Each structure stands twice: as C-alpha cells, then as structure tokens.
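Note that the chains are named A, B and C in the order they appear, and that numbering of residues resets to 1 at the start of each chain.
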Amino acid sequence: MATITFITGGARSGKSCFAQRLAENQSEKPIYLATARIWDEDFAQRVKRHQDDRNERWQTVEEEKELSKHDFSGETVLLDCITLWLTNYFHDSGYQLNNALDAAKAEWKKFVEQEINLIVVSNELGMGVHPENEMARKFADLQGWMNQFIAAQADTVYLMVSGIDIKIK
Amino acid sequence: MATITFITGGARSGKSCFAQRLAENQSEKPIYLATARIWDEDFAQRVKRHQDDRNERWQTVEEEKELSKHDFSGETVLLDCITLWLTNYFHDSGYQLNNALDAAKAEWKKFVEQEINLIVVSNELGMGVHPENEMARKFADLQGWMNQFIAAQADTVYLMVSGIDIKIK
Amino acid sequence: MATITFITGGARSGKSCFAQRLAENQSEKPIYLATARIWDEDFAQRVKRHQDDRNERWQTVEEEKELSKHDFSGETVLLDCITLWLTNYFHDSGYQLNNALDAAKAEWKKFVEQEINLIVVSNELGMGVHPENEMARKFADLQGWMNQFIAAQADTVYLMVSGIDIKIK
C-alpha cells in the first residue's frame, strides 16, 4: 500500500509549493504526476512554465485519469492535483456526480495498492457561500467526498492557510 | 443550561457523519432534531432517505424554528443544522438580516436553558470570494454572526476539514 | 523591523473584534490604521459608526495605500484590513494583478522597516468554489499571494473560525 500525505487548502494558499519542498526532502529524485488536461495553448504554456520552475531533480509524468497504469513502486510521487484529476472524470461522465465519484474511487483504489511514497495536493471548495450554479455545486460535492475518502486513508494530512502548513492528522 | 458541542466546517466536510458518531457514543437513544423546512417532494424524499440511514436507536423530531417548545431535558440531541434553521428565520423575516438574527438569538437563548447534551452542526460560509448576490452576502453575515454567538457558549468546538475533526475549543 | 501578528479568517469570523482586544491588551494607546477608501456617503457613515464603537483609548489614522509615509515607531498599530488596502491597489492598477501585487509588496516592505508592534487583519477568500467572474478570481489570487507574503514574515499567525482564534504560527 502507498504511504499517503494529503495536502489540502484554499486557492493560493501555498499547497503546491509546500508539497514540492516535502517531496524534495523525502527523495533525491521525486516524480511530479501532473493531472491537468491540456485544454488549450495558453494552458500548455502554463504547464511548461511550472515544469521549468521545478529543478532538474524532478521527473514529470502527465496522466489525466489512469493513475494506476504507471508503475511507481519505490518512488516518491507528488500528485498535483486531485481537483484537476476529478475535473476530467466529471467532464467525461457527462457531469454525472455519482458516476464520476465511483469511477474516480475505483481508479484511486487500484493506484494506492502500489508501494509508493505518495504526496497528494487537493483543494477545499466548500467553505464559501453555496454556489448558485448547479454544476459548480455538484463539483464541490464531488471534491468534498473525494477529499474525505483520501484523507481517511492518509497517514498525514495538512491544511494550508496563508502559506502555513497545519498538521491536522 | 445545555452542554454544547458545536461542529462547523464546509459543505461535504463530514460534519453530520462525525456528529452522529459523537451522539451515538454519548447516548443509547439520541434524538435527531431536524430543522429543514420541506419545500417540495424531492426534499421530502431526501429527508426520508437520511432518516432511513440512521439506525433504530435514533428518534427524529422535526422543528423548523421553535426549538424551545420541545422538552429534551436529560437527552442527547443532535441539531442538524443551524444553516437550515437560520434559512427559515431569514425567509420568514422577509430577508431582514437584523430581524432574523434577533429572533434566532432569542429562540436560541430559551432553547439552551434546558439541561440537554446538545450537539450542533453548522456551516462555514465566509471563506470564499464575497458573493455578488446581495441576499447571499446577507445570509453569510447572518450565519457568521450566529456561529460566533453559539461557539462562544459552546463547551467544545470542532472544525471539520476533509472529514477530519479539528478540536479548536 | 516590525513585530507582526497576522490575523486571517472568513467574513464574520470575528477577526476585527479579536484584533482590537489584542491591541488593547498590548497598548494603552493603540492606533487604528483604517485602509478603506470612502466610496460613498453610506460607507462614510459605516466607518464613522465603527470609529464610535472603539473606546477613547484609540487614535484613528486613515490611509488607503501609502502605509509607510506615517511614522508609527514605538506604537501598537492595528491595520484593518489588508483586503481593503489591496482593493485600492487593484483598482488603481486598472485591475492588473501583477502590477498591483508588486506595488503592494514594495509598499509593505518599506512599511515594516519601522519598529512597530503591528497587528494585521486580512481575509481568507480561497476556500469556496472558484468564482466564475474573472476579476473576482484575479482578486482572490492577489489576496492569497499577499497573505502568504505577510504570514511568512509574521511572528504570530491566527486563523479565526466562528469567533475562535486558532494559533497556527
């Protein structure tokens, strides 16, 4: 089974930065597992820029959905992030909340059977006013349920607030 | 006076689930105090489904607003949730923030004079971008002020994040 | 250099109230540094009302942007709040995120060179669903990055939830 460190928090709370420092402290050669689907050229450049920001110790693997098809046994893997990965399941399910959740959970279970040192970044989306947009509400439900599912399995959980890591498990 | 455990957090953060476990640990026969107003048939079915989810040890009492008219002395009561209860005050006040807040506080004071072991679920609504919709902003104010009011009286307060209970008082 | 206490949290989480108690405990004559731009008469009255709420020990200084032009050496200063101060930079930059952030950071660096006991109130805006409005998204980024910048320099950081202060640094 994977050893899981789960890092959640708001947008611009310093999650990815903290996660990268953690991975670099735990491994000489960490793997950056990027889950973003490249929707357009702008996005492709943003991804490229982030990749250039990481130092040469990092290896980048891009995987939109099927995390478990890669063999990372024995490695330190930074998965960034659950929100983008879930977005792909939500989109491909035709925005069916339960189908997306079931498919994501099934894939996740297969993935964490590997012996990896896994650092996972996600987002807190539920502490604002409930969105008027129904699809946004559904996605927030999907995100919240998946966060609970992963955090329950995690060995260590951090909440990021204003760049500060708060260990909550 | 009631002994109060206040549980707050974002949507889908595991508040109700944690609160139910807590109540079942503290009482053989907890009371579920449901504050939802039944707006339509869909909602009625959702409430029924939740009721079926709770085991036979639970007794359910439905009360939209007047919590204090029920005698719960000596019981363990799970109030789920403050947000729906406030929504009823907000609606019935014609969306007048101060009137709704005053009426809810007055009712609350009467309610907690009883000797009950009270577990209260609420929501954090203020950590997103300020809503453009004025009524949403007003309701977030109402919720925030009532949360402060109850948390100040509470013996124990938990913040839920990704299903993890963080004891903050 | 300033000694910095950073207080963040959601709307209506009791930040300003906690900050005022802190300042009154730390100084006989605290200074209230108000950063609100007076956009209209309603707002002017709200500011006046808040000023009347503070007791006679307080001195109020209004400064929309150039914090560093005031000499507060040796004083206890409550800056309320970063969000309104950033709003002024964001507006005056023509809503250019990077320009606003650079200008605000430069001003902040000059300001905290003074030997002051500084208590700073800000807001968490990033834990709701990502806003559909692009300008709101940009402002949330600006706020999040500035929060990280200040919290990293702060000696003490509190997160407010439902009126409860959680010391996180």
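The rule is simple: contacts are C-beta pairs under 8 Å (C-beta built on N, C-alpha and C of every residue); 3 or more make two chains touch, one makes a residue touch a chain.
If you're wondering where the values come from, they're calculated on a predicted model, not measured in any experiment.
**Q** So how do the chains connect up here, line, ring, star, complete, or something else (other)?
**A** Topology of the interface graph: complete, with all chain pairs in contact.
**Q** Can you report the angle of the rotation that maps chain A onto chain C, using C-alpha atoms only, to the nearest 5 degrees?
**A** When the C-alpha atoms are superposed, chain A turns by 120 degrees onto chain C.
**Q** Looking at where chain A touches chain B, is over half of the residue numbers used by both copies, so same, or under half, so different?
**A** different
**Q** Calculate how many whole Å lie between the centre of chain A and the centre of chain B, each centre taken as the average of the chain's C-alpha atoms.
**A** About 31 Å, centre to centre.
**Q** By the touch rule stated above, which residues of chain B touch at least two different other chains?
**A** 10, 124-129, 140
**Q** Report the residues of chain B in contact with chain A in the complex, numbered from low to high.
**A** For chain B paired with chain A, touching residues are 9-14, 124-129, 131, 133, 136-137, 139-140, 161-164, 166.
**Q** Report the residues of chain C in contact with chain A in the complex, numbered from low to high.
**A** 6, 8, 10, 122, 124-130, 132, 140-141, 143-145, 147-152, 157, 159, 168-169
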